[in-house]
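Presented sequentially are two complexes of subunit A, the first with subunit B as partner and the second with subunit C.
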Partner chain A sequence: MAELEIKNLNMSYDKHLEILKSLNLHVKNGELISILGPSGCGKTTTLRIIAGLLRQTDGQVLIDGKDVSKLPVHKRNFGMVFQSYALFPHLNVFDNVAFGLRQRKEKVSIIQKRVNDILIATGLKKLEKRFPDALSGGQQQRVSLARALVVNPKLLLLDEPLSNLDAKLRVSMREEIRRLQQLMHTTTVFVTHDQEECFAISDRVAVMNQGVIEQFDTPQKIYRAPKTVFVARFIGYENFLSVTKKISSTSFYVKNVKLDINSTVDGVTSLSIRPNQIVLGSTAKTNIVSGEIQSSVFLGNAYRYTVSTCIGNLKVDYLGSKRLSNGQNVQLELPAAALLGLKK
Partner chain B sequence: MIKTNNKVLITISCVVLFFLIAPLFMIVVTAFGSGATIDFPIQGFTFKWFANVFAQPDFVSGFEMSFLVAILASALALLVGVPLVYALTHYHIHHQQWFQVLFLSPTFIPEIVIGFALYQAMVILFQLPLLVTLLVGHFLLCLPYVVRLITASMTMLDVHVEEAAWIYGSSRIHAFLTITLPSIRSSIVAAFMLSFINSFNNIPISLFLNGPNLNMLPTSILNYLQNNYDPTVSAVSVLLMLFTAMLMILVEHFIGLNALSKDRS
Partner chain C sequence: MKICYSIFTTYEQEMIKIRNRSAFLLLLPGVLAILLFLFFPVIQIALPTFAGHFGLSNYITFLQSHYNQGVLIRTLIIAFITMIITLTLGLPLSVWIARQRSTVRNLLSVVILFPILTNAVVRNFTWIIILGKNGVLNTLLLKLNFIDQPLTLLYSDMAIVIGSVYLFLPIMVTSLVSSVQELNVEVEEAAAILGSRPLVTFFKVMIPQLTTGILTGCILVFAGAMTAYTTPQLLGGNRHLVMSTLIYQQAMTLGDWSSASVVAIILIILTVLVLGMMRLVAKQLDRRSVND
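Moving on, here comes the complex of A and B:
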């Protein structure tokens, strides 16, 4: 239970390869935040620096306002769950979970009680005598989580903990993580590349790209109002239009088509809209562009058309049950309410 | 065990096993022959050659010396080899493959050359005691086995396991001793066994580093064989086979024989 603050974190290898560029992050006490990004964006590096497994080139990691940058890993009092579970292969479930408490030289009776409690809370009581190689992936990850939580860590660090599990287990496991995190009120940093996963359980999400946090917001805000092209693309926006000329903060030219938006950010360079928000066959007078259907794909709930227009090809989802034929001319409306202004 | 119905495979396996076992079988039989030379089939049955083994001071002192050197050299190879492999597999080291090859190189150089080179350099040039030189030679013999086996199991080991120990309060040394070493214990035992047997059986290196009061069992057997052709040699071979079998049984009892062929992790 603690507050985490990262100030101007830099990480580079051999002075050339910059992994992190002045990263700042503030996680409140008891909050669960996710760092979301593609592989190679620096999210795992960030987590390993927080844990103390890597030393940053520059910058600070503060826990409750105290700089822990120089504190070795084993004195930080954190818990960590790895993608590969990383259980001690020669210890049984009970001893794996008890490891942290024994290192802290707790009394035997206290160890017994706390390990017991957490084994019951995680549904592992019956398996306590088993060795890791006799457990399924999901069970191993539960043990790993129990091992992390039993020490009452100041900070719980989760490094893609669900990636090795199958789809069904992933959903139940993430709910388990959230339940236990809420129960124990543990400040948690969760690293993942799966947006659904992190939206489901996070209080806030930091979307990371090439060593920079592009946006740090609630899942709702990230989903509905991404601020940069990268964030929008990462969470499923497909149509990106480069602004040719800015008329006002809410009105732009893309080639010679004038498009209005409702809300805006500073320094808009692109406009974007989801395929299902474009209105096909609209009779509106503004935010209109005409085009010709190039191809179509059946998606189940809709047809997805690729429409070539004077501002480029647009992907449009249309719910109509009849498939429109290729070559047909259509009017497309890009409603101002759905059209987003994005920074680079 | 792999179950198979492949007749060709079974036949080939049987032939190979026959060629492996038949000579050993012959030696066992000849050890009990009452004739004055090694004969097959044997004329009569006797235990006297076994008694004769213990009557040869060179065999008894050779066994003691070989045993001592094999234990020390194997232990030394583990003490040097395990930390070495840890460094090679856990840290970014420039020209890592070169080091890997360097530490395996004693296997590429003919042992007789190693023995001769050590004799020239350490005994003649630096006047070091024979025993020290012998130990160094056998250590060089053992090191590649340790490096090979431990590298294999270290790279199989998930690095996050040790990191997890750090996270939960273990210092680096403590984590290495209580988490990493136990995780690779079967390959440590395997490396020790292979080292021991190789050192114990070695002739080429020991041949150059013999001396007064310093002879190894294999070289003693060789010497004996040059002057006598009686079944004492067969008898000592049988004893050595029993000795090795006993070692195997001990390993089997404590960790399982498959430790010698694969690692549990």
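Moving on, here comes the complex of A and C:
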């Protein structure tokens, strides 16, 4: 249980290759946050710096207001779960889980009790005598989680812990992680490239791109109101329209079409809308653009049309049961409520 | 379908039979070569040890001699100390080499192996030059005023150990490096995060995972040091005999081939016994094979 604060974190391997660019992050006590981003965005680097496995070029990592930047890894009292599980292959499940407590020179009776409790909580009690190579991936991940949590770490760090598991197991494991995290009230940083995974269990999500956190918000806000082009694209927005001229903070020209939006951010450079929010065949007077159907794809719940318009090709999902033919002219409405203003 | 299947399997079985027969034919030259070049000489060595006297009396006579006992124990101790030193020096060195970038690692591996490429006699002569009475080391120590008169370094057990360590370190390192390379670094990082100091991680996490590599290295070094001839001959001289130099002395100097054979057979048995013991110890240490 602790509060984590990252201040102006910089990381570069040499002068030209900047991995992190003055990163700031504040995680509240008992909160589970995710760092979401594509591979190479610096999310794992950030986690390894927090853990102390990497030394930052510049900046601070604060735990409860105290700078731990100079503290070696083994004195930080964190827990970490690795993508490869990283269990001790020469120790059985019980000894794997007991490792951290033994390093802390706890009494044998206390070790016995705490390891027992966590093995029961994670459903591993029956497997305590097994060695890692006799466990399935899910079981190994559970041992790894138990091993990290049994020491009551100030901070739990999860480095893509689910990416080696199959789809079904991934869902149940992420719920398991959330359950244990809530139970022990451990401040947790979860690194992933899977948005569904992190939306499902996080209190807040930091979307990261090229060493910068683009947006740090609740999953709902990230999903419904992304602020930058990158975030919108990463969570599945399509149809990006470059602003030609700004009329007011909620009104823009894209080429010669005037489009209004309801809510806005500073410095809008693009507008975006999800394919299923464009209204095909609308009779509205504003936010209207006309175009011609180029092609269509059947998605199951709808047809996705590519419509060429004077502001570019737009992707439109339309639920009508009959497929519209190519070459047909259609009116598209981009409702102001659904249209987003985005920064670069 | 069923008929097809059974026809197919008889066909398969027939193929396997033919393959087995031809495989045996292919193996034959190798088997013959091993019998001829490996076992025949050993039998040839063993036969004269029973000549003249019945049973094991030649062996008993050999083992009753205090001088011979001394040689035997010296051989064991030198081989054991050599093994321990190469292991102690080799472990950190191997970890360091194995964790370098691949280009640096390959370069270091070549450097480590380089001494093996030189002739054994030449290699030992370098130690004669270093350890001799007027050698490099004595000259240096005298110049620095650490000692008043030259130390007797050459022609001692220590000289044999030094020469053997130099000889066998590359072999130990080579077998350890491949083991270390297989380790998952994240396992050590996990240990560190759980509060384990670097030294504890080394002994409690890394070494237990390296048992196979350590065993291989130890077996190679121990067997090599037990049976080495050039190094003890050149660096130990005539007064510090080990089993292999004793064999040479018995056979070539004294012309007593039967005694030489006795020593040779005892050396073989002893080496096999010690290696068997090492395997047992390693199996005990590797708890995974015991459990579950």
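Methods note: the second predicted complex is superposed on the first by the 344 of 344 C-alpha atoms of A that agree within 3 Å, B and C clash if a C-alpha of one lies under 4 Å from a C-alpha of the other, contacts with A are read in each partner's own complex, and residues count from 1 in each chain.
The rule is short, and it goes like this: contacts are C-beta pairs under 8 Å (C-beta built on N, C-alpha and C of every residue); 3 or more make two chains touch, one makes a residue touch a chain.
No experiment lies behind these values; they were computed from the predicted model shown.
> Given the superposition on subunit A, are subunit B and subunit C in a clash or a fit?
The answer is clash.
> So which one touches more of the residues on subunit A, subunit B or subunit C?
Of subunit B and subunit C, the partner in contact with more residues of subunit A is C.
> Could you look at A:Q103 and tell me whether it touches subunit B, subunit C, both or neither (first, second, both, neither)?
A:Q103 sits against subunit B and subunit C alike.
> Once the shared chain is lined up, is A:V231 touching subunit B (first), subunit C (second), both, or neither of them?
neither
> Taking the superposition as given, does A:F131 touch the first partner, subunit B, the second, subunit C, both, or neither?
A:F131: touches subunit C, not subunit B.
> Applying the touch criterion given at the start, work out whether A:F88 contacts subunit B, subunit C, both or neither, answering first, second, both or neither.
A:F88 sits against subunit B and subunit C alike.
> Have a look at where A:H74 lands relative to subunit B and subunit C in the superposition and call it first, second, both or neither.
In the superposed model, A:H74 contacts both subunit B and subunit C.
> Just which bits of subunit A does subunit B share with subunit C as contact spots?
Dual-contact residues (subunit A): 51-53, 73-80, 82, 84, 86-90, 99-100, 103-104, 133, 147, 151.
> Which residues of subunit A touch subunit B once you look at their complex with the stated criterion?
Checking each residue of subunit A against subunit B gives 51-53, 72-80, 82, 84, 86-90, 99-100, 103-104, 133, 147, 151.
> How about subunit B: which of its residues touch subunit A in the complex?
Interface residues on the subunit B side: 158, 160-161, 163-171, 175, 179, 182-183, 185, 264-265.
> Along subunit A, where are the residues that touch subunit C in the complex?
51-53, 73-80, 82, 84, 86-90, 92, 99-100, 103-104, 129-131, 133-134, 144, 147-148, 151, 157
> State the interface residues of subunit C toward subunit A in the complex, per the touch definition above.
184, 186-187, 189-198, 200, 205, 208-209, 286-288, 291-292
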